[in-house]
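Take a look at these structures.
Look at the two complexes coming up: chain A is in both, with chain B in one and chain C in the other.
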Partner chain A sequence: MRRVVPVLAILAWRNLWRNYRRTLIMLLAIGLGVWAMIFMAAVMRGMTDEMVRNGLHTLPGEVQIHQRDYRRDPSVVNSMAPPSGALLQALQQPPVVAWAARVRVPAVLASERGSRGVTLLGVDPQAEAPLGSLPQELVAGRFLSGADDRGLVLGASLARRLETGLGKRVVIMSQDPHNNVADRGARVVGIYRARLSGTEERFLYAGRSVVQDMLGMGGAVSEVAASAGDYRHVAAWYPRIAAAAGADLEVVSWTELDPFLDTMLGVQDGFSLVFMVVIFLALSFGLINTLVMAVFERIREIGLMQALGMRPRLILAQILLESLFLLVLGLAAGNLLALLSIVPLESGIDISGVALGMEMMGMGNTLYPVLALRDMLMSTGVVVTLGLLASLLPAWRAARLDPVRALNTT
Partner chain B sequence: MWKNILIGCALLWVHSATAAGPDAAEIIRRAMDHYRGQSSYAQMTMIIHRPDWERRMRMRAWTEGDKQTLVRVIEPKKDAGSGTLTVDGNMWTYTPSINRVIKVPSSMMSQNWMGSDFSNKDISKDTALIDQYDHTLLEQRERDGHRVYVIQCVPHEDAPVVWGREVLQIRDDWVLLRQEFWDQDNVLVKTLRALEVGQLSGRAVATVLRMGREDAPGEWTEVRTTQVDFDLDLPANLFTLSSLRNPRQ
Partner chain C sequence: MSSISCHNLCKTFRQGDEVITALDRVCLDIDEGEFVCLSGPSGSGKTTLLNAVGALDSPDSGAITVGGRRVDNLSRSAQADMRLHHIGFVFQAFNLIPVLSARENVEFVMQVQGVPAARRRQVADQVLAEVGMAGLERRRPAQLSGGQQQRVAVARAIASKPALVLADEPTANLDSSSAAQLMDLFVTLNAERGITFVISTHDARVMAYAGRLIKMRDGMIVADEPQQPRAMGA
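So, the complex of A and B:
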């Protein structure tokens, strides 16, 4: 057997190049197919990563603590006392690396020329900064200097819609816990830009103590957000926070806060696999056809080999080897092509032409494809497994030829 | 920069002028007391005018002190009985067709009132003009045998007011002739004008008031007062939710 395999391999290799034109066409097809698989997967991975990143950015802190009813009705009535006792202790211990308490209530922002509904975030900038929850890019002015900063920071898109700007006074209106109108004027001290204009229009930042004063809620806050650095491993530590928080508070991780994001991460691999299989199904017809032709052309030859004593098993192996060579060559070409085409694009593809549509899915106007090793391995796995399965049929037929009849075919 | 200097000069000049003249805040206080008295009852017609349609509503209004107002629509029939109650900056509306009293949430305070060019805030926050602004007397001029005070009101830093400043013209018999709303870029946005001043119940009253936006000259809301009585004894339960719902007057 040990001497047989190299011989079979040589036979298969040479057979492959007997009709080199057909082989090259098949190689091209497989190469393009594999490239398409990996490219699609990279683009999709880029999209999901982006959605998760954007989602987590507007929902910072992998674990959030609220009053029990806050998520059902995010109003000022459902606020909680700032963390103390066991909860405070749990928040100050590793693995928690950063935490912040903020006020988060619906409000209306009015200028001379319009008003819009927003989510008012009363933040303490010093505590929020390590969480990465503050706007990354300021286009004008400065961010709030502290929890008692009397200014406002709003998004560029919101400023445009309300026809207001840096240094102007605007009015925030909300409701206090007794349902009375709570409002105050404030000066715009900073304008930020976010990846999504939806974010810019929704979130309005003000100093936490100033908001607490305005709403007459004392020291209470709406939510506490905590982070341990990596969003993927949140399940390991958040039950401990939940235990420390007690029964009156609800502790949820981002996977529950935004199940959509969590699901997206989960189905990403599944989607890629489905795509790859579909692409391969189209390819497999070409592959089977090629092999069927190759066997058909060589019926007399196969009959001769059998007559000389070659076992059907070896004939099967030879055809499968031939198919494997073809697939491996195609895979190499496809992977190389994918590498060459994706790496230059990793700095981002401009999709601003369809940005509006993409924004509905929570994406910005640049797409960053991500070339992941697992996608390349997955495509290789799919192509080799399914390819060999598809080649079984022609190989099986070749191995079962009757030598006498085969030799007599003209 | 030159703007600041100009305002500085104006302030300086005003300061020297006010040393002799009346206090600006006092004038506004007087004007406000003048048109609503300690308590008042008025019948008026509100005309909402747009380039392609016009709508008239007759209504009755009661006020007491600075903080209590009740307005009820009597015509057209479709809207009869609906009303607005404001007490201390909070506002409720009642609509008979749905038989509900609704508290106007803060999110709707900057929306318009009954489709007019007045905002809910204009209706519910009368006295803000006194408490939450700095007043300066800009000028005193003579017109039609009356002295007219021109007063600039600049909102306090924290005041829930979007305007950059408001300029009021008040006649020496305390009739508000004109109220201009300027934005923070010094552009005039809307103006409330007294188109006619007449005598009602022995007082000079602006009988026709028109609110209009400067950028839409064909759109305005006019309030024509046909009858007004001052300093009445109003029942104690008038400014309550139950009276909003069940008219007893």
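So, the complex of A and C:
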């Protein structure tokens, strides 16, 4: 069989271009189909990625370390000592690229116009910055200068709801370790904008030391967050942190903190595959038609090749090879088209027109399509596998032709 | 030793409600190196007999032996192998693969046989020269005349050195000059290489080249006689 492949390849390639218009139309169809597969997968991947990143920004951190009861009752009572010893050593080693200890407690923020329940984050801005957990965009004022900054930074939506603004004084209230109300007045020094307005309404930033003083918790913190740079690889390194943290602390990855986001990632590939298969099923009718026509036009030629001693399986192989060439050319065109159309859009597509709907899915105003190699490989696998399966019928019919009848076909 | 042996071959076709007898108890022996013409009117069974001998078609009953091997009861793949390795074919028309050049057409059978590329090319050029097609090796069939196409087909038929060449109305689409040249070529190959030729025709000029003339009518052999073949170029 191997010795015959060159002549089969020559026949398949030249036959492909005998009716070049039909071939070009089919190539266009396959190319556009492949492009649609990859483009849609890139958009879906971008959406999922955005949802995960927004989710991580809200958590925040790929791995969090808490006192064991903190997740059940996230109050100041369930705080932990700042990292030390083996845990501190593990956090300072690769693959961890950043970590921060923070106070994170439920609180009430009151302005002269109203009050709202918020999550008060007592942060050290220098430690949080590498984690990417601080607001990306400030619309007014400044961010906290350090852990002892006495100002407050709140979201634009929250400021709007409380009818407060930059420079105004507000009151924060929470509970101290003895379940007494702890409060203090503070001035709004910055207003941030987040991708999700829900984030703006929920998170309030204050200096960590200031919050610790207010709540009377000494040097204790609510949680330690750590990141290794890519949320996808968290499973590989977080057990090491868990081992270093010991039994008294709970170490959880983002996949446990937000199973919905984890599931989203899991079903992403499944959705893409189903979508690709559906697109190709529509395309396969055109492919089968093209091959049936190609076989129909060459019945005498196939009869001649059989008469000369070409076995039926070689006829089958030749038609399949012809189909493979068509599919590979279509794949090349589709992948190139996808590359040319998706790469320029990776800087973001403005979807502010449907921002409200998107926010319900945990997305912001901009969609960032992600051109992933695995999507290109998946589309290639779908197209080649289903394409060859679809080509089996015309190829089998060609192989089963009776040489005498085929030669006498007019 | 017989090159071809047919015993009691029967073959019928159904055309609508009518049953047509294409071969009716045909018995025939052809020796190695013979130059035989099957003649008879259209529908007499010449092509059916040729197809059966060439393992292109199977008879309803009877036995066919080619070069000592039974060919009437082979599987499709075994029939294909038989044709590939032992029989050369020249058909009336549509003899060449349109997308291959003259040389590639000649190489085709050898390539399927697995002959190495260098050897293939050498043999192809040699037989193309032998049939008077030197210099036209790179031309595609559409760029060749009918006579030239038949010569390429002959070159392909003999390239793999088969013991038997079957030709079905090979001159039917040729002018008389090209037909005479083609028949001269057959005679030369028969004489020089000892290839057995079985040619079906209803052209009296072609029959004149044969050393043995078999006449068929209604699926039966009605005459089988040796004859003095016409001299080449006469």
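Assume the second predicted complex is superposed on the first by the 354 of 410 C-alpha atoms of A that agree within 3 Å, B and C clash if a C-alpha of one lies under 4 Å from a C-alpha of the other, contacts with A are read in each partner's own complex, and residues count from 1 in each chain.
The criterion applied here is as follows: a contact is a pair of C-beta atoms (placed from the backbone, for glycine too) under 8 Å apart; a residue touches a chain by one contact, two chains touch by 3 or more.
What you are looking at is a predicted structure, and each value in this text was computed from that prediction instead of being measured.
By the touch criterion defined above, A:A307 reaches chain C but does not reach chain B. Of the two partner chains, chain C is the only one touched by A:L407; chain B is not. Within the superposed three-chain model, A:L337 lies out of touch with both chain B and chain C [touch as defined at top].
Contacts of A:I10 after superposition: chain C is touched, whereas chain B is not reached. Remark: chain C residues 51, 54, 56-57, 76-77, 80-85, 89, 91, 94-100, 104, 107-109, 111-114, 156 touch chain A in the complex. On the chain B side of its complex with chain A, the touching residues are 89-90, 103, 105-107, 109-111, 155-164, 181, 183-184, 189. By the touch criterion given at the top, residues 106-108, 110-113, 115, 117, 150, 168-175, 179-187 of chain A touch chain B in their complex. Of all the residues in chain A, the ones that touch chain C in their complex are 3-4, 6-7, 10-11, 14-15, 18, 300-301, 304-314, 403-404, 407.
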